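Notes follow the structure.
Order of writing sets the chain letters: A, B, C, D, E, F, G and H. Residues in each chain are counted from 1.
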Amino acid sequence: MAKTEIKIGGFGGQGVILTGYIIGKAASIFDGKNATMTQAFGPEARGSACSAQVIVAADAILYPYVKRPQIMVIMSQEAFTKFSPQLDPNGMILIEEELVDPKGLPPTVKVFGIPATRIAEELGRKIVLNIVMAGFFTAVTGIVSKDAMRKAIESSVPKGTEGLNLLAFEKGYEYGLGKVQAQ
Amino acid sequence: MAKTEIKIGGFGGQGVILTGYIIGKAASIFDGKNATMTQAFGPEARGSACSAQVIVAADAILYPYVKRPQIMVIMSQEAFTKFSPQLDPNGMILIEEELVDPKGLPPTVKVFGIPATRIAEELGRKIVLNIVMAGFFTAVTGIVSKDAMRKAIESSVPKGTEGLNLLAFEKGYEYGLGKVQAQ
Amino acid sequence: MPVRQREKPFGFPKPETPHGEIVILEERCKGCGFCIEYCPHDVLVLSKKFNAKGYHPPEVVKAELCVDCGFCRMICPEFAIYTYELKTGEKP
Amino acid sequence: MPVRQREKPFGFPKPETPHGEIVILEERCKGCGFCIEYCPHDVLVLSKKFNAKGYHPPEVVKAELCVDCGFCRMICPEFAIYTYELKTGEKP
Amino acid sequence: MKADPKGVLTGSHYIDGDHACCEGALASGCRFVGGYPITPSTEVVERFARRAPMVEGAHFIQMEDELAASIAIQGAVWAGKKAMTVTSGPGFSLMMEHIGLAVMTETPCVFVDVQRGGPSTGLPTLPGQADMMQARWGSHGDYEIIALSPNSPQECFDLTIDAFNLSEQYRVPVMFMMDECVGHMMERVVIPPADRIEITPRRYTALPPGEYLPFKPGPDMIPEMFKAGDGYRLHITGLTHDFKGYPAMNPEVQEQLVRRLVDKIRLSEPKIRRYEEDGVEDADVVVVTYGITSRVAVEAIEAARKRGIKVGMLRLVVVWPFPEPRIFELACRGKAFVMAEMNYGQIFYEVERSVRGRAPVVLAGHGGGTVHNIDDIVKKIEEAHRCLS
Amino acid sequence: MKADPKGVLTGSHYIDGDHACCEGALASGCRFVGGYPITPSTEVVERFARRAPMVEGAHFIQMEDELAASIAIQGAVWAGKKAMTVTSGPGFSLMMEHIGLAVMTETPCVFVDVQRGGPSTGLPTLPGQADMMQARWGSHGDYEIIALSPNSPQECFDLTIDAFNLSEQYRVPVMFMMDECVGHMMERVVIPPADRIEITPRRYTALPPGEYLPFKPGPDMIPEMFKAGDGYRLHITGLTHDFKGYPAMNPEVQEQLVRRLVDKIRLSEPKIRRYEEDGVEDADVVVVTYGITSRVAVEAIEAARKRGIKVGMLRLVVVWPFPEPRIFELACRGKAFVMAEMNYGQIFYEVERSVRGRAPVVLAGHGGGTVHNIDDIVKKIEEAHRCLS
Amino acid sequence: MSVLSELQKASLSPTPDFHPENHPMDDFLRMDRMPHIWCSTCGIGVSVNCFAKALEKCQIPLDQVVVVSGIGCTGRVAGYVKVDSFHTTHGRAIPFATGMKLANPKLKVIVFSGDGDIIAIGGNHFINAARRNIDITVICVNNFNYAMTGGQLASTTPEGSVLSTSPFGSYEFPFNLPFLAESVGAVYVARWTSLHVYNQTVSMVEALKKPGFSFIEVIAPCPTIFERQQKMGDGLDRLRWYCENSDIRNGASTKDVDIRLRDRMVVGKFVDVERPTYLEAMNAHYRERLGSKYKDYEG
Amino acid sequence: MSVLSELQKASLSPTPDFHPENHPMDDFLRMDRMPHIWCSTCGIGVSVNCFAKALEKCQIPLDQVVVVSGIGCTGRVAGYVKVDSFHTTHGRAIPFATGMKLANPKLKVIVFSGDGDIIAIGGNHFINAARRNIDITVICVNNFNYAMTGGQLASTTPEGSVLSTSPFGSYEFPFNLPFLAESVGAVYVARWTSLHVYNQTVSMVEALKKPGFSFIEVIAPCPTIFERQQKMGDGLDRLRWYCENSDIRNGASTKDVDIRLRDRMVVGKFVDVERPTYLEAMNAHYRERLGSKYKDYEG
């Protein structure tokens, strides 16, 4: 594996940054690869960042920003409009399928959709939609190992919510496996 | 005339700086020479300066400080102790003779004394002792013209005190003339 | 929700008689609900629709009760709502 | 000079009975006159002599009146004067 | 001396440069931070604020402004703590007077500047590298400091320890020159066990009160230190002072004191010097760079190599004092230089000066806001290469 | 434009450099001074405080600190006044953030720094020349300023006028770098009649509101100005901003804006350049110097000439931007350089850089507190001369 | 409270060039910069709205109005109001405004900025400008934190507040701003919350009309940070809280109006006294001392 | 006033190693730096004398005492007292002291500096340290001007005073320092003149003993500048003036104690209240929030 560039977009409150963080942490701490995560800040720093960028590679990562992501995880239409043009034409895009209508993509792009918000709501906490998405990402992309992701989630979410989050992860993961097998 | 270096010393309140200022102004503004005056400051700037240095020259003055004064005007014993060693052995020293005992000078130095304080007191304002001294200086050294000094005094002392100050100047000047003739 | 103490704590004046026409600039709205909550005559409610920014703007439900008090206009952080006085019987 | 209002405005305590011996470190003195002016028993006066700095230090004129109140010591900006208690009859 | 395990969060962490800097400080024994929030540096103090209550003897205070922050730490140092303050451009500008104070009183402490785009409020959330000369020259009067520049979160940890150690070693404020990109980038940071972290202890005097002179230089030009409360009852002043620490305002003492302050760093340059070279020996063109730009430069160098140019890199880890002799040496060997930095020429001038006309020097610079475009550096490498022929 | 006679005290005066600077400011139309006392600069504002009530439209305010002083003047400038602030090292350090603001907002104004011995509180009543690099680099981010250095009270008058004029011409803060010696020295100062004093008016736009863009550069890279209250209703910010003056935080606008701020001065160096040469053409050794040191250097040069060395002098009147091309030209002609300044090497580095290895450069420097010992400069001239052979 | 009923009457009726798609205050805003950056339910926009209304009421020509801000969320106000407006450095809006006002006393200068800006880093300028009675109006949106930088402790943060630099709750005592302002000589001091839009507006009108240093503290929600960290809901919840928990006590002794995190809060107009402004005092003083030689300074 | 009579009793009797050529306080002074730079009849030395006495009374070991000064004539105090002493930068003694005290709470930290230093350039630190109730004592010698720099207007200069930057008399209003100090939360506030040596000393003792931010303003003559410029004679004349024109009013409302150039002046102890110090509040807070995980911070 050379270098994989991942971009995650959505609106504030969807946990975009945490998703990026978990992927980066899983790859770098638990999978023994290298992973660099950066994020876009609004004016000064009011937590208005709504995109996260992760680069995963076996070798050292030098250039810190994502130039042409091979993988995108998109959770809002606005983010789709803003970011999808940057996607590698041979890349893949993972979308929250009830919030994003993936129109206008080159035909070479692989699109995987998941109703992550609904799944999260079914689990009783809409807030875990990003973890559902992370599970989905793990299954679909194979960039990080499932085990590493589970560990990254366990060590990153607030104490007491590990169970719920791992459940959300599994839901997303299973949904992803299904999608992959379907293709 | 090449360059004449003058140092004036005394204690705070004797008007040391004003004396230097008047000499400098007379030479530079009214006699058409060049004159650079500098003063020593205490810690920060509380007006505790007690020496003034004037360089008078026909040509441009470059080095700003007095290195080896040819003329000293000394109004206190402390100043005498501190400054007299710097005096050019062929120079002259003008002293407030009731306050300064000019011991230990090389025999080549010319000493001129005046009881400036007493003369000032006789004029009713002890504060003009420095102007008495300025008059004395004018007569004895000839570095600046009498006329220039009178103009410098007139334009430098507080309004309303010009008469008294010019009188003080004349007293000192006369006293000086007497001394010079005596020698 | 607690009992509203409208008159007292934030001292806006007694509604007067004029009748107000309400203009809502929906695209500016950020759905804060301030105008809805503090309209003294409950003229407004949160609409179901989204504007382009993804917020629910207010919707006029009891237009006839608006007294043009201007509170909604004053409290709107987005300059997204205002009213003006309608002469009796007038419809804009 | 105005009437001295010693007791009141700067509230130092009533003189007590002990007798004080006064030490003046003349060379430190800057002749401010504070000790002289505010000694409650006018024990001190300005001397005629000069110290090396050119100031007139105080001089004890009514040693026997000193009650060791310490005011002179406390008000001296130069740490130039102090007193200590003499046991009755003692002379240092 | 080994690090105190209480402050060392041994393990692998996925954190950003700001957080890593905080951990580096804790590991190196820093127990006092006086801060004032400013993007993109705030996370350093935020982490310290959260960690302090759990690390014995550690205290965080958010001061009312940067003036206060930059002198509160000096009070803490003289009371015995290791201390730092953290800021970005506008705040750094406000700290200049107190950098001078720390220099003059030889107070070991660390100033972290997470650089953003400037001048003035500029680009608060975007990276810059334009405070490098300020770090060296921003306070009045003549002095020397030490400045380091990390290029990854891991280095933010590692070099913060070095910053503290150098500061104690030389009794000089050390400038830790990060940038927004490094500060906000998350990567794996490995924190070793405490007993593998080397710490320079404060150089306290062993002499008893009375014998000890607080500004009498030791053999390496550096005086030993004392702290308040130890019974020395000494005086410290920002005025020109003698060995006793007493104000002595005359040109002779000034010459003695300030020349030493300057020379203790200048003459130690060979010891403080730290840079990384890659492929410099047989290179035609050497790219000099530091901080985040050094990572981008590597990609440019690889690209240029592919185009057949022999390019090497000299990455400054310690930026001040500047390794002038090494640059000159390389210049003498006929190499051309590209200075890659996020500004319109700062360290570039140092390189220009150091080559003494022996080599072309080309600036690959821009105003900040993002890292370099790799092509831009490549073009400059080509330009420098053309100069050679 | 000619000076307004109201501020011009035509005649011959026996005053010190501080007072002369104040008169220069008044003559050049300065009608607002925000100050904070500090030795040895205080006399400038003291005189202004005394003169202001008698000069129509002039106002002096002593602010609560230097931060306030250095921004109050910028408020005054945008309200239509010409304005300056006055300080010395420690206060200058506190003004650094606002120098950056003036640069970014292109606010014409003058910062007077009467240099004393540093660093820190240093030698408050004695001269220094060690804020020269600070004047250029003391604020964060990349920028350029103009700096002048007078060597006599007369020049304190004359060059203050130039400082204001350059500031208006280039819309840049101008640093007026005096020193304690020049500031406190009394000499004859001749103030010409108002109609012989040339004043650069503020470059107000003639465009009506709506058409005028406050940061759109003119042909010389400099935008025209407006003032508050004139109906333009525009916005000024220290953030990176576009032609409209609106914040635009992205690398492209940053590049456009900050590069222009830098280039408007760099590219104008040939026009701003000002130095005095004496005997340089046939000299073997050129003494580069500025401010009070230039007067002392003349004596040293005369002494060295007596010893048979051909010495010339290049005295910098404008120190920043630095006349690098001229130094290089002289270096190419085989001359050696002595840099005489009251510090341990500041402008020295610029000379070193500019000669590009073509000439030896020797520093005649010291820590301040008094002017150079003439012999010390002579020795350095001899040393430089020896390098030639 | 006559201004209040006046305000009421001012509620507008359509003019001939009436465009329903524009807000009557659009003229006062830089519409080409909208939408502004303030979060939904943030209180800053409310105060800008009140300020627009107050200016209208005062009938000061907008060409003469200057708004000066420092740095912060509130500091962005200068960027949105279509008057001559200056976005200066963090904490230094007041001395900039001082220079501007003194250079041209005809200008109406308003400082509009945040609590951190005005009274943490800018504290010294605040107290000295008030002391001098510089004729400016200072509107301080107090959201109890440094919002722009992501929510740190401020000099106004009530004890016990959780913020990023007080992660376990703050233990510092906050300033009581009206007390401080009065102690240094402000001639007009009022405090309102974002809910008190009429009162805020009335105070702004009074402050703008009053010569001298006037100060209005507006307690405003910062839902994104402060309210979220304190688990106080969003700005609307906070307005409801203000509604229930604020007591209007005009003329209350400023000593008694300090704010605690969860206690009732006193709002009102606390100080309204007469004192010559800096320039009035100066002109009077110079007239007396210098006599006819002196011409009144008018900029 | 029990401390007062105690003070009285403390008047010393000769000890075995009694040397009449030494002053009993010489041990407290850097005798190798004497004579000090203060002018004859200047009030600064008087306060140093009182301070020496107060320290003696408090029986705080001198090894634990730290004096921090800024820059100014009064700022030189740090250079003359033989304790660990720090002469910092102009205006920043308080934050330096804050850092020192928080780094080692066992130290007794006193800020001794001038009015310009503490409340003009240093105003922001003053108000914030008081607000936080940092456990330090601030002694401010108020001579109504910047003396060290030759006598300029300060934030404390009474209206009408002639100084070098107010050559025709000042027209600014000065701070009322006790009122300001109280408004920002100082727990102990007193004002005395140089003449009130006992009261000054008693206040210093009380302040040193009191946990928290204590503030003592000493009105002192600066004969070389202030008194000379106002034609008020020398320091002795000024002491006489204080004697006639000062009213001791302990507990006076600080609002009423502002100073005018030639009016009677109120002195006394104005504020003496209890409030947890910064560190007390912090430790209590963390104990409560973090429980047994938290060990009290002791430096």
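The rule is short, and it goes like this: a residue touches a chain if its C-beta (ideal position, glycine included) is under 8 Å from a C-beta of that chain, and two chains touch if they have at least 3 such contacts.
What you are looking at is a predicted structure, and each value in this text was computed from that prediction instead of being measured.
Trainee: Treat touching chains as neighbours: how many steps, at the fewest, connect chain E to chain H?
Mentor: The least step count works out to 1.
Trainee: Please find the two chains that have the most C-beta pairs touching each other.
Mentor: Counting C-beta pairs in contact for each chain pair, the top pair is E-F.
Trainee: Find the chain most remote from chain G, comparing centres computed as mean CA coordinates.
Mentor: Checked the centroid distances; the maximum from chain G is B.
Trainee: Once you find the CA centre of chain B and the CA centre of chain C, what distance in Å lies between them?
Mentor: That gives a centre separation of 85 Å.
Trainee: Chain D to chain F: how many Å between their CA centres?
Mentor: Roughly 57 Å separates the two chain centres.
Trainee: Could you give the separation in Å between the centres of chain E and chain F, each centre being the mean of its C-alpha atoms?
Mentor: Roughly 29 Å separates the two chain centres.
Trainee: Give the residues of chain B that touch two or more other chains, as numbers and ranges in rising order.
Mentor: Those would be 42-45.
Trainee: Quick check: what residues of chain H touch more than one other chain, meaning two or more?
Mentor: Residue numbers touching two or more other chains: 39, 71, 87, 89, 91, 120-121, 123-124, 128, 148-150, 155, 168, 286, 290.
Trainee: Out of chain F, which residues touch more than one other chain, so two or more?
Mentor: If we look for residues of chain F contacting two or more partner chains, we find 39, 42, 53, 64-65, 67, 90, 97, 101, 120-121, 124-126, 237-239, 247, 249, 370.
Trainee: Can you check the complex and tell me which residues of chain F touch chain H?
Mentor: 35-39, 42, 45-46, 49-50, 53, 60, 62, 64-66, 90, 120-121
Trainee: Quick check: in the complex, which residue numbers of chain H touch chain F?
Mentor: My answer: residues 71, 87, 89-91, 120-121, 123, 146, 148-150, 152-153, 155, 164-168.
Trainee: Which residues of chain E touch chain A in the complex?
Mentor: 12-14, 39-40, 42, 124-125, 181, 184-188, 292, 295-296, 298-299, 370-371, 374
Trainee: For the complex, which residues does chain C have touching chain G?
Mentor: 1-2, 4-5, 8-13, 16, 18, 20, 23, 25, 28, 30-34, 37-38, 53, 55, 68-71, 73-80, 82-85, 92
Trainee: What residues on chain F touch chain G, complex-wise?
Mentor: Interface residues on the chain F side: 31-32, 34, 53-54, 56-57, 59, 61, 63-65, 67-69, 71-81, 83, 97-98, 101, 228-239, 246-247.
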